[in-house]
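The chains carry the letters A, B, C and D, assigned in the order they are written, with residues numbered from 1 in each.
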Amino acid sequence: MQVNNTEFKPKIVAFCCNWCSYAGADLAGTNRLQYPADVKIIRVPCSCRVNPIFILRAFQRGADGVILCGCHPGDCHYTTGNYYARRRMTLLFSMLDYLGIEKERTRVEWVSAAEGAKFAATMNEFVQTVTKLGRNRKLEDLRCRK
Amino acid sequence: MDRETNRVREQVLRMSGVNVLKCMRCGKCSGTCPSYEEMDYHPHEFVYMVEKGEIDKLMASESVYKCLTCFACVERCPRGVEPAKLIEAVRLEMVRKQGQNRLKPDRIPALLDEELPQQAIVTAMRKYTK
Amino acid sequence: MIYSYYPGCTLKTKAKELDRYARRSAEALGITLNELPEWQCCGGAYTTAQDEIATKLASVRALAAAEQEGGELVTLCSACHNVLKRVNHDLLTDGEFAGKVNRYMNPEQPYGGKTKVVHYLELLRDTVGFDELAKKVVKPFTGKKIAAYYGCLLLRPGKVLAMDDPENPVIMEDFIRAIGGDPVIYPYRNECCGGYVTLEDQALAVKKSSAVMESAEGFGAELLITACPLCLYNLNKTDGFGTEVHYFTELLAEALGVKD
Amino acid sequence: MQRIGVFVCHCGTNIAGTVDVKAVAEALKSEPGVVFSTEYQYMCSEAGQNIIKNAIREHQLTGVVICSCSPRMHEATFRKTASAAGLNPYMVEIANIREQVSWIHKDMKAGTEKAIILGRAAIAKVSLNAPLIPGESPVVKRALVIGGGIAGIQTALDIADAGFEVDIVEKEPTIGGKMTQLDKTFPTLDCAACILTPKMVDCAQNEKIRIYSYSEVSEVKGFVGNFTVTIKKKARYVDELKCTGCGECTEKCPQKKVPNAFNLGLDNRRAIYIPFAQAVPKVATIDADYCNMLKNGKCGVCAKVCGAGAIDYKQKDSFIEERYGAIVVATGFNPIKLDAYEEYGYKQSKDVITSLELERLMNAAGPNGGTLLRPSDKTHPHTIVFVQCVGSRCDDGKGKSYCSKICCMYTAKHAMLIREKYPDTEVYVFYIDVRTPGKNFDEFYRRAVEEYGVHYIKGMVGKVAPQPDGKLLVQGSDLLADEQLRVEADLVVLAAAIEPDKTARSLGTMLTASMDTNDFFTEAHPKLRPVESPTAGIFLSGVCQGPKDIPETVSQAGAAASKVIGLLAKDKLTCNPCVAHSDEMLCNGCSACEKVCPYGAITYSDKEFRGPNRTTLIRRVASVNDAVCQGCGACTVACPSGAMDLKGFSNSQIMAEVDAICK
């Protein structure tokens, strides 16, 4: 595949919980399921570890999209962590939307350790959506740009 | 499955709202059906044959007119398949065709007797005509 | 207590007794049944096809009219009850269907399934109460072995009609006890009589109805009661059974002393 | 400043195939803090590990980044490597450049770029790592088994056999569970009592085993290795220590009309009773719902006839608190109620029974002394119909979606036993599928068909209609013959679905052990950790985890016991050091963290702090119990003042990763 240098490559940060989603991402790898290199994963113990500040920081530092993956509701390794994550993110995302960060740039997705295919499909789709939206100019701290 | 068969099949599935794939082939519908002996194709066969796309055979058979719509099969199906709705859809697919009304109004007077309630006539019209 | 009332076409013609005794009894029980002014025939059968709108509109009109007049609609004929309750259930649970209906009819007040469809038997059970009814009985059927015939329309599909356990109902047996009789429990009380197929294939209907009669008589029934004109017709078409079939309202009127 | 070493693995060609590993090692060399960077074919091999060890010593590394496969694969390996070289194992971070790069990207350039970025993120994180020392918590060397059926009994015996003390809590007056009600057991047809009662006696006589019968678990606190459990001993109105089990009271009690639960209500017992002759403990119990003395103070016969003076009408429920290192759930099952399936007429005819009722009817200790008679008129049935899958495999909103697993086999057993004992009886089995995956199971079923002449009919029964002459007309499908079959039967036996015991749900909540939608306990891993709950220290035995027959239950019970033994054999448990920690100087005592903690690991205390001008301030601050905290991090986000942080995944570490990725 020829990479076109003028083509916009989004920066995507994916927070994955250690027990389900990170394992799902591993499975996507084991099964050689392709998704764009634009996605970079940060491992956290649980989706509830993700502080809204991390997401603000990512956008500020130039991320174009942030996705949070956790265990399916009811399957959380810590019983209730993903419920906290869901509630916090619902609030955060609506605030971000208000600030002008389009809703499509943020997402919460439940991916189990068995859902490698879902992980890859989700990432493909998310990258596509964010690519269409283009660069995040609203929150990006220009001082952070090279 | 050719395109026409597939169209009819899709139409029947859409009309009935039945998911034939839920059937586990237990035959409880046919074990319960009060019209079983009058039918060539029985409730469980409706489910299986619609799945396979053999709807023309079902439409051509008398069985579609023998269903009493008593809903015993629907009530008792362990998988929630609702065969009666499927039979009704196959019948409607038939009678909705041009000139395929089962019950022509001029035939009715001969079928009446003194006590026959209106209910029977209107229901039959609903079931047999478009 | 005032309720809207939907008699249906059969009760105006071949099943006048079902209607007449119901009205007299209701009066005796202090219930006013206001017949809906402009009701149309429900069509006799509920069409299960999801693309059918037109065949359900007559029911919608009746239901919408009842909403304007208090929100509870009493039915008597099993077929009407089945159709009205199921159409109402569709309106309540299927937003797409309700939307189509309302767009088509374009009424002043959109109708969304708020009316409560109540069968006359439910009225006796839930509003009057069978214990209260028993107190008002002046001519009890003491010692009479009475078998209830439910048929299919009154009970199924159980999840929608939600009147009683569709496989082991008790409402009519409780009614029989209330008017002083001995209910006869027999397994075919909820099996089909043959229904509308009698028009085309009476032999089939006679076969089905005979099984019902045989089962009821086998368990010692001296009298059968039903709520459905078509059931009554089919049961009466059988041969070789001595048991009489009556509408339950006739027995009710007799027990309350308002038959004549 | 950290001194960081970077090690890039080729993983053969797995990584090197699509990532320019040399370029990665080279690029990361110039990152701040990096003093050493290299690549090697297999970092996880002994030679690879030696490279790491040598580099740690040679370059006095304080942090290590390994660019290799997933940390889920080799994090533990490399931590050990670091530890062996004298570095704190938590100073190791892994950049996953195999599962997240080489295996999913075909483009070498893009892959290499991403690998470098992931390496940078790991370097940024490790720069902020601090050495962590895992805490330890002691293990209470005693296990609790909840449920005293065959699952609980086997688990308890195996644990006791290894020399550990174990308590059984059983809600019924005797241990033994469902198996005590069975007649014979498939596929060998040995009698259930003959193989079970010796085990029950073993339990009673084993010095290591304590049985709390007629008791329930009412509260669970603590964590793996150190649970505190409150057990409620229900009042049985009989002093267990005094009662000799002579049974005099159970014969003299004037209240004779109590449905006998042990025989499923097929006959009656007295208000004071011993469930069956081999009960363990063999102690009488008074049924308070029926006892005249307890209800209105008029009777007292049992107290008069009791030579041991064991009757105590004033007995109250009592509570006992015990500490355990491990808990095994073995709460078992019950057949479902058949109210929703009245087409089979269970309520309408006495001769429509469940399979468990048939077990009692056929049992020598059952209501008919082992002679099979119909409940209605006590005559011998000549035609018997079995209906399979009643409430199993359902998607009708009334039954269970799963296969109950045991019915096919016990029905074959019933059919066979009946045909053997009463050859003049015709037996029909209506089935959807016959499922016999077990050792000697299919052979067993085939014997029922081929040697015993049981009629197997593929199809389901639609209706059971009682006839005036007392027969039952069974109407069903014979799908292979394509006909509607009618059988005039004398007895109809329904294979009712089984469901977890009703107590399981509340117990699951108490134990914070997860359950599925059917109230079966979920296992930590469906294949690789089948007897452990995801909650540490909770183990699963028997049908509480999913439908099982006796052989499977016993093997799972043994497996659960071995896991418990493995836990109790340790003197101390190593705790996960990546736990939450509160900075007391920042904490304002708001309780937000305490509310979101699923483990109750956070407590508050008033502490003295130095105030201005040599004053002393008392402030309420949070502290985390390292042994209880599991490290989810929920509290760190809830904390408004930023006092709460998670070791190993601190705010600054994750933000450093974010910065590195977005650079």
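One rule holds for everything that comes next: a contact is a pair of C-beta atoms (placed from the backbone, for glycine too) under 8 Å apart; a residue touches a chain by one contact, two chains touch by 3 or more.
Owing to the predicted nature of the structure, the values given are computational and were not obtained by experimental measurement.
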item	value
Selected pair, greater C-beta contact count between C-D and A-D	A-D
Rounded Å distance, subunit A centre to subunit D centre (Cα mean)	34
Euclidean distance of C-alpha centroids - subunit C vs subunit D, Å	50
Rounded Å distance, subunit A centre to subunit C centre (Cα mean)	59
Distance from the mean Cα position of subunit D to that of subunit B, given in whole angstrom	47
In subunit C, residues with contacts to at least two other chains	167, 191
Subunit B, residues touching no fewer than two other chains	72, 75
Per-residue multi-chain contacts in subunit A, two or more chains	none
Chains that touch, pairwise	A-D, B-C, B-D, C-D
Subunit B residues touching subunit D - in the complex, by the definition given at the top	22, 24-33, 36-37, 42, 44, 72, 75-80
In the complex, subunit C residues that touch subunit D	159, 165, 167-168, 185, 187-188, 191, 215, 218-220
Residues of subunit D touching subunit B in the complex	343, 389, 393-397, 399, 432, 458-463, 475-477, 479, 482, 484-485
Residues of subunit D touching subunit A in the complex	70-72, 96, 98-101, 103-107, 109-111, 113-114, 117-118, 121, 512, 514, 534, 578, 596, 598, 630-634, 636-638, 646, 649, 651, 654-655, 657-659, 661-663
Touching residues on subunit C, where the partner in the complex is subunit B	8-10, 13-15, 41, 43-45, 47-51, 55, 77, 79, 152, 156-158, 166-167, 191-192, 194-201, 204, 208, 228-230, 233, 236
